[in-house]
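This report refers to the structure that appears directly beneath it.
Per-chain numbering from 1; labels A, B, C and D assigned in written order.
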Amino acid sequence: MAGPDPVSVLHCDGLSVGWPGHAPVLRDLSFRLAPGEHVGLVGPNGAGKTSLFHTIAGVLPAHAGSVQVQGRAVVPGQFRPETALVFQQAEDQLFCPTLIEDVTFGPRNLGLTEAETTARVQAALAQCGLTGLEDRPVHHLSGGEKRRACIAGALVMQPDLMLLDEPSAALDLRQRRRLIALLQGMDQALLVASHDLELVLELCPRVIVIDQGRICADGPARRVLGDAGLMAAHGQEVPHSLTPHHGVGHVHVRNSL
Amino acid sequence: MAGPDPVSVLHCDGLSVGWPGHAPVLRDLSFRLAPGEHVGLVGPNGAGKTSLFHTIAGVLPAHAGSVQVQGRAVVPGQFRPETALVFQQAEDQLFCPTLIEDVTFGPRNLGLTEAETTARVQAALAQCGLTGLEDRPVHHLSGGEKRRACIAGALVMQPDLMLLDEPSAALDLRQRRRLIALLQGMDQALLVASHDLELVLELCPRVIVIDQGRICADGPARRVLGDAGLMAAHGQEVPHSLTPHHGVGHVHVRNSL
Amino acid sequence: MAETSPRARLILALVLAFGFAAVQGLAVLPLVMALALGVVLAFGAGRVVLRRMRAPLLLVLGLTLVLPLISGPTVLAQIGPVALRLEGLQAAALIAGRLLSIVAVTLALLATLSPFDLVAGLRALRVPALMTDLALLTLRYLDEVTAELRRAAVARSLRGGKRGWRALPDHALGLASSLIRAQARSERLWAAMRLRGYGMGPEPDAPPLQNFERLAITGAVIVALGVIWLDRIL
Amino acid sequence: MHLPDGIVPVEMALAGYACTAGLVAVALHRIKARPDPQAEIPRVAMLTTVFFAASLVAVPVPPTTVHLMLAGLMGVMLGWFAVPAIMVGLFLQAMLFGHGGLTTLGLNGMILCLPALLAFGLWRQIGGRWPDLAAFGAGAGAVVVAVAIFATIVLTGLPAELDARAERAAVQVFALAHLPLALAEGVIVLVLLRVLRRIEPRLLPHG
């Protein structure tokens, strides 16, 4: 095991991830994230992206190895406000009746003054474009608003590391575009798991590919995602925006009627 | 109102769609689907795609206008096996304990003989690549298998019209590819609602765009989806595979560290 | 015996369990326990029964520790303030014997079935469709809802949710949002069920009981009545 | 709080079955009188699933953790549907987790269904005027009533005549041990119904 790593926001060392009573899903993972770095996490369904996030967040104990966030080891069950996890299902994360209550939930537990809390909450809502929706019941928000509400609830903790699990799922293109703009503007380190490779490409200069329990590639996004052989080997496809073509021929046209 | 339309599988005429006690979501919609035609339905979140599907399927009464399937008007609450709806959330559609029971549920209600039922079920399972998974509990299926199970449950009714609501949501690229291949091979008329424009482009020669309660465009997929002005006006984007470029420059590269 | 239908198993379990529950004297208890063991062996369910007997065994242990100390006038032995009483001891033995026999029989007959088959058995026994449909849907979505509740608890703890009794109101909030989601989901579920003709088809007829099943049920009734008769005359 | 097999004499178990069967018959009769009972099945099933799942989660109530009973809440939210829902839950609990038993299904049904129906009645009577009081009363009261029925059944059912002093002590200890559960359920139902009344009153059709 490595000693404390004061330089990286996140440092996984020989990490094995798995659910209690099951064989490990990921084995012997090692990687670091620098402060403010945006990294994409790509892999097929069941590769273990969500499981890895739960381990980094300290919800799921590691089978082996260590996770450090901001140089301090993650202890399962300990509250670490410097890590924020945005869930794959927005509904799971929004458990308070109204938007404002949900976003305020976290800061309430940080022991801030009332004024500080309000200021932070307003800032987070504004950053996510949710001002004016404060009193809306959470389940009346649209899909995109729900997703942004989750991000606001994470941002308001002023984390150093945000883990985003499929942030663009079920969003239309306008919402997705807004989300990309929002995330691009963030100074926090981001780890973004997604099947939406175009989004990963726009957001993350660096990409990690996981499949069959291990890291298969870790490098510059355009090189990794552009590598047709690598992508095919792990059930992925090179994103359209990286394939050289001229807008013709590539599309399968069905013989209709 | 139009008279019976024996030529089209689906004929919506002056249709207004909405939820009881709310203003209509869609107003005065008119369009037809020919037998075997595959049509994409595109529009932002909340445009009313799911609501339209529920109205066509006869679950949600129309505010005004008429829907005809195979020349017969759709009456809310009436069981019309010629229309099949594949839900946005696969879990909600698969309400039986095991895969085989779920796929058999529909044919049981059609008054077929035992032998006919079995034959149909086996054919549908084979077509969807689910043979061998018959006795799996539904909640142990993977995301892609669940989606295909929903489609098998729809196919087994031998419908003339299938309504697919976001069929590729939450699938990884390999599963999505299989799904596209499966849907491409279908003889039924398909109406496919999706935010995944690349999928729409591969599957549907014709696309309908809805936004702000009405049909904004209805035409050949490559022309509609390739029209940058139209797409931008309705919060959509021209799919990457239709934009002329050479795999460079288009990607926003973040100034990292 | 493995091919016994869920319906026949349910009838067998009810008949034997009530027969055993009717025992009031200690004399037939060994016979009852032997019968239970016989059923377990006949259905080849030894391992399942052993695995799931732990909780009942603990309960029995608790009873046998407490009852002999607090009930009955006849003191068998006195250790300081604690008196061991005969009637309590008898009561404990009776309860323990009955409990273990009944649990063993029900486990042997029913625990090897999938819960879905059990519900099918209930339907074949003419339990109202409303209840069996409720049971099927509950079974189908139990795992998903449990996972949902667990994820919501994780989401709370990740944002520094309180612990201990002060978390009760948060717990209530989580439960409320689960109920709201369940309501929304049930609307989609109803649409899905209706679209595939729920309630349109004929009620599936349960296949008639097979001959060996009738025989087994008759045998069980005779055994149960026999046990009760022996219990009353001994 | 489930009564296991073999504790009480068989006459009581049979009487429990008879009473519960009557209660179920009444409930089903009331349900059939509603406009479209079949359409309510998915709603009741999904809510029941949440109640069932929530009762499996251990809630910390120092010094220990407890499992919520939620009979009062089911009564308030499901009305007469609470009876079939509770019976389904009890049957599944007995089969899946070994809580309760086959012969005592009827008695356990009485232990939970009567409090649920009382909570339903309480909510319908005073839920409109004093919703918080009614909610707390429904939550906590259901636990108290259930404990009372349970204790009565066990005490009349135990075969040997108990020493009266020990009997009283046992009942007191048992009731005291369930006081935290009653308070916890009262608080939970209070908070929960406040949220539902504000956010989703459709979920309280029987108010």
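In this text, a residue touches a chain if its C-beta (ideal position, glycine included) is under 8 Å from a C-beta of that chain, and two chains touch if they have at least 3 such contacts.
Everything numeric in this text was worked out from a predicted model, so none of it was measured.
**Q** Between B-C and A-D, name the chain pair that shares the greater number of C-beta pairs in contact.
**A** If we tally the C-beta pairs in contact for B-C and A-D, the bigger total goes to B-C.
**Q** At what distance in angstrom does the C-alpha mean of subunit B lie from that of subunit A?
**A** Distance between chain centres, rounded to whole Å: 29 Å.
**Q** From the mean C-alpha coordinate of subunit B to that of subunit C, what's the distance rounded to whole Å?
**A** Distance between chain centres: 44 Å.
**Q** Counting only Cα atoms for the centres, state how far subunit A is from subunit D in Å.
**A** Inter-chain centre distance comes to 42 Å.
**Q** Please output the residue numbers of subunit C that touch at least 2 other chains, ranges allowed.
**A** 137, 139, 148, 173, 176, 180, 185, 189, 193, 198, in rising order.
**Q** Which residue numbers or ranges of subunit D touch two or more of the other chains?
**A** 195, 199-200
**Q** Counting only residues that touch at least 2 other chains, which ones in subunit B make the list?
**A** Correct list: empty.
**Q** Identify every two-chain combination in which the chains touch.
**A** According to the stated criterion, the contacting chain pairs are A-B, A-C, A-D, B-C, C-D.
**Q** Which residues of subunit D touch subunit A in the complex?
**A** Residues 195, 198-200.
**Q** Considering only the defined contacts, which subunit B positions touch subunit C in the complex?
**A** Residue positions touching the partner: 54, 57, 59, 77, 79, 81, 83-85, 87, 89, 91-93, 95-98, 105-106, 108-111, 138-139, 153, 157.
**Q** Give the list of subunit A residues in touch with subunit B in this complex.
**A** 34, 36-38, 43-46, 142-144, 166, 169-177, 184, 195, 197-198, 201-206, 222, 226, 235-237, 239-247, 250-254, 256-257
**Q** Under the touch definition given earlier, write down the residues of subunit A that touch subunit D in their complex.
**A** Listed in rising order, the residues of subunit A that touch subunit D are 97-98, 137, 139.
**Q** Spell out the residues on subunit C that touch subunit B in their complex, using ranges where they run on.
**A** 114, 116, 136-137, 139-140, 143-144, 185, 188-189, 191-198, 200-202, 204
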